[in-house]
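In this document, chain identifiers A, B and C correspond to the written order of the chains, with residue numbering beginning at 1 in each.
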Amino acid sequence: MTTLIPEKKYKNTQKTKDRFISIFIGFFALAWLFPIAWTIWSSLRPYNDVIANGVFSVPDTLNLDNYINAIRLMKLPMYLTNSLLITIPAVILTLGFGSLIAFVVSRYSFKFNVALLLFFTAGNLLPQQLVFIPLFKMYLSIGDFFGNRALLYDSILGVVLIHVAFQLGFATFVLSSFLKTIPKEISESAMVDGASVWVHFTKIILPLLRPPLASLAVLMSTWIYNDFFWALVLMKSDSKRPITSALARLQGEFVTDFNLLAAGAIVAALPTLIVFFVLRKQFVSGLTVGSTKG
Amino acid sequence: MSEQNNGMSRRTVLKGAAVGGLGIAAGSTLLTSCGSKDAGPMKWGGRGLEESSVQWHEAVAASFEEATGTKVTLNMNDSNAFQNNLSQYLQGTPDDGFDWQAGYRMQFYADQGLLEDVSSVWDEIGGQFAESYKIASTAADGKQYFLPTSWYPWGLHYRKSTMTELGLDPENIATWDDFMKMLEATKKKGLIGYALGDKGGWEAMGTFDILNARINGYQFHVDLLAGREKWTDAKVAEVFKYFEMMIPYMNTNVLDISWEGMRDLLLQKKCGAMMMGSWFSGDFKTLSQADYDDLWIVPFPEINPEHGRDTIDAPIDGLCVAANGENPEGGKALVQWLASKEGMQARLDSGNTFTSANNGQDTSSYDPFQKQQLAVMGEAKYITQFLDRDTRQDFANPVVAPAIQNFLRNPKDINKILESVQEQWDALPAL
Amino acid sequence: MTTTATNTPVRRRRSFSRKDRLTLSAFVGIPTAFHILLVWVPAIGTIGLSFTFWTGIRISDIKWAGFQNYNNIFTGTPVFWDAIWHNIIWLLWFGLIATPLGILLAYQIDRKIRGHRFYESAFFVPVVLSLAVTGIIWNFMLQPGGFVQGIMGRDISNPISIYGNYDINTYVILGIASWRHIGYIMLLYLSGLKSVDPSLKEAAAIDGATEWQTFRKVILPTMKPVNIIIIVITVIDSLRAFDIVYMIYGSSTGWPILGILVFQNISGGGMSMKGAAYAVILFALCIGPMIAYLKQSFTEDVK
């Protein structure tokens, strides 16, 4: 805890250096945020003002009109609801399945343990486009088999499932890495006590997994919320599509009002930004990528 | 207008490269099986998610419900995404009627059995369209799968005010020499002579189409796109020679901007001429009526006197009925009403600026720019759709688009580029 | 530490009841079956389809093509080699510049330098933004009439070429890609760093080691498993790159890259199994790093 550094001199040069480093990184951090800040700034100005007076002009008016218009044109309630209907179940299912696999793989030893883990991780690394054509055909045939073509295709369920299938690899990987860092004794005592597998999982493992589950929940909801590919190719009804479709309403084939678009972009990004800032601590603290404690 | 359309019926419409027979249904049966008024609730797949498009679709759908008493549900889609996913859309659970395009893009899906035969609708309201539209709506099996609603000509768009400042009149820019003089004059004035964007890969195809048609004629153009002529032909290289002459007068960022960027250059009076389909004119109107009144279109100038100005790219937009829809009969009733005089009038009344494909349309409400579009169209003897609608889809975008982009980057490499295009055509699998 | 077949004590004690066996099978079986059905079956299907001619519509139209799609790509499609070249540049950039920067950043932030909380958030925000939003933001910066052109005194009539200029567009695209990648790598590395025993770092400091020496001699070796994961992510993401290029150029080949070629050939009416062949080539390139990663995990677990 207490620093035991004997040499004051060393400490001082290190301090100066650190200050330099901090300023240097700070400069980059500001550069990193600048495009976002510029977009927010632009979103407060009317487009015609920019066209007439140039990008660097001092604005005549600064107001929230672009936001009001963007929210109206984007049909925000509808798309936001769809996004939540896709994201929340997909995240829950992914984490549920991921915990199950991580639990079995890290607490029981079967011959196929490693293979299983590798198999899921490899699946996560596949390019999405590789599965698209057959998946589409499969969704249709499964739907036809159950007498409802819209069972998986053009349905929120179908999009949820493919997200789960793809993200499962990453979740399994992070969760099992985390479990590896937890002493086995905790589980062993449960096994000795003769607790059933189900009890072992629900009463012992799941509570332990809370930190990585929280951080994964944040990461995965960001990814799934932001996806545009699957919702686009597997859904035909615009009324079922997620928020990524809302921006298309502003982008239009005809006159594009860039400042309105900026406001729309900020609105679309807000939910993930809020989730991120609220749960910022979980983001890092819960992730254990590759255990370093051997 | 009716005179215009009668004129058009004598002209040839490029039917799409790979289709062999014309197969016009000569003896149409008068016994119609569909078109019953109470066809049940139906769905309409619309293209264009932007406000203006959603508005006119909703207005027309409301008029339809009022006129027929049948409920129609609108499903609006982002235009590009809709086009990219049409194959999946039609295989899955499509809307009954949907916005689509004539020519090869329609024929491909008709051949694949994904479109519903709408010959019966043609039997009922076919009289409202010129013969050339019927040809453009006909697939390889001789049946109709498409109903035209609107079209727009590709031509040189000018701002009258900019040309007046240069002491020029767009109407008098009729030959290549006039055209080059105009480019020179705009450049001297510090403006861009010829605004071009090709980020999307398709925009510059319009320029290629028209140069090829002007220099080598309609027949060569059609044959080239159908693979009956070779891209390595000196005639094609000649086209790019003319194209190259225009490059010094273009904006410096051709590959940076898409068609919106071109439009903005004209909108903000930064350029002389722009080759584009007239569909964007509504944007001028949105900006202001004065800007719209300033807009003008003329046909691309003559290059080879043998061909004059006899060809034009004029893509036809319209409607199809999906074979896999829940209610194909309803879909037919829907597209029949939408494409009819009545439906078209409802669309005009909603404030949408477009030129109707319907013969019987009352054109008295057309403004001068719309009338000029008709005049530009009227001058042409041959109508083509557009390069990416007139040839194989696995050729247009994957092969021709990058080839033209490469040409714009390195015009000197054109022979190598054309050789490669031909090689890639030869390597395509037979259809 | 992990139990394996050789580590028997735990194993011997285990006797599963029938119910437990059922539970365990369900725990593993359901997610696995699901994953196989939705990811691996279609993936294998695509590999098969890459040897055919097909428009993706009627099953009966599938025609055997042998290696013709591949032959066509390798010998008759110049844009393919451009794409490969871009993927390689992407990989080099990420591997030599973006990823190391993310790692160094994580290291500094982990040392809790002044303002580390703010920095952590600042660099991570781009990772949270969606592709569409990123696209809009960068368009704002780079389009004619936008910020960057404005700084250089250009308006929309005389902008400098950015996306269309082959001398600079590569760097611009990689810059935007790094804008997101660096934050992601930083996050992953941070999560690894916090499990490094702090006494190790302190010991190094007492020895009078410089920061660089501490990082190189102490941190990097301890972080070996994380390093491998980051290398794999860097390689795979470079190969799979699609989003940012799609956002700038759409499905056109303004800056060809493998992911775009796949998309271009499987979307629209132009769907052909050449697209499937591109996807398989992409997959084949990803296999190498995947195996490297799998091997690492495997040895980890056996240890």
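Following the convention adopted for this analysis, contacts are C-beta pairs under 8 Å (C-beta built on N, C-alpha and C of every residue); 3 or more make two chains touch, one makes a residue touch a chain.
All values derive from a computational prediction rather than experimental measurement.
Enquirer: Edges wherever two chains touch, nodes for the chains themselves; is that graph a line, a ring, a star, complete, or other here?
Expert: complete
Enquirer: Any chance you could check whether B-C or A-C wins on number of contacting C-beta pairs?
Expert: The comparison resolves to A-C.
Enquirer: Distance between chain B and chain C based on Cα centroids, please, to the nearest Å.
Expert: 40
Enquirer: For chain A and chain C, what's the span in angstrom between their mean Cα positions?
Expert: Computed value for the inter-centroid distance: 15 Å.
Enquirer: Tell me, which residues of chain B touch at least two other chains?
Expert: Only 85, 91, 268 qualify.
Enquirer: Give me the residue numbers in chain C that touch at least two other chains, ranges are fine.
Expert: Correct list: 56, 143, 145, 271.
Enquirer: Among all residues of chain A, which ones touch two or more of the remaining chains?
Expert: 51
Enquirer: Which positions of chain B touch chain A when the two form their complex?
Expert: Counting only chain B, the residues touching chain A are 45, 48-54, 75-79, 81, 85, 88-89, 91-95, 260, 268, 280, 282-283, 286-287.
Enquirer: Looking at the complex, which residues from chain B come into contact with chain C?
Expert: 80, 83-87, 91, 105, 108-109, 112-114, 191-192, 198-202, 251-258, 261, 264-265, 268, 270-271, 392-398, 401-402, 405, 409, 420, 423-424, 427, 429
Enquirer: Can you name the residues of chain A that touch chain B in the complex?
Expert: 51, 73, 136, 140, 149-150, 153-154, 232-234, 236-239, 245, 248-256
Enquirer: Write out the stretch or stretches of chain C touching chain A in their complex.
Expert: Touching chain A from chain C are residues 1-5, 7, 10-11, 13-14, 16-17, 19-20, 23-24, 27-28, 30-32, 34-35, 37-43, 45-46, 49, 56, 59, 105, 108-109, 111, 113-115, 118-133, 136-141, 143, 145-147, 150, 155, 179, 183, 187-188, 190-192, 194-196, 202, 205-206, 208, 211, 222-226, 228-229, 232, 236, 239-240, 242, 259, 262-263, 266, 271, 275-276, 279-280, 282-283, 286, 290, 293-294, 297-298, 301-303.
Enquirer: In their shared complex, at which residues does chain A touch chain C?
Expert: That would be residues 3-7, 10, 14, 17-19, 21-22, 25-26, 29-30, 32-33, 35-36, 38-39, 42, 50-51, 54-56, 97-98, 100-101, 103-104, 106, 108-109, 111, 113-114, 116-123, 125-127, 129-135, 137-138, 161-162, 164-166, 168-169, 180-181, 184, 188, 191-192, 196-198, 201, 222, 225-226, 228, 244, 247, 258, 261-262, 264-266, 268-269, 272-273, 276-277, 280, 283-285, 287-294 of chain A.
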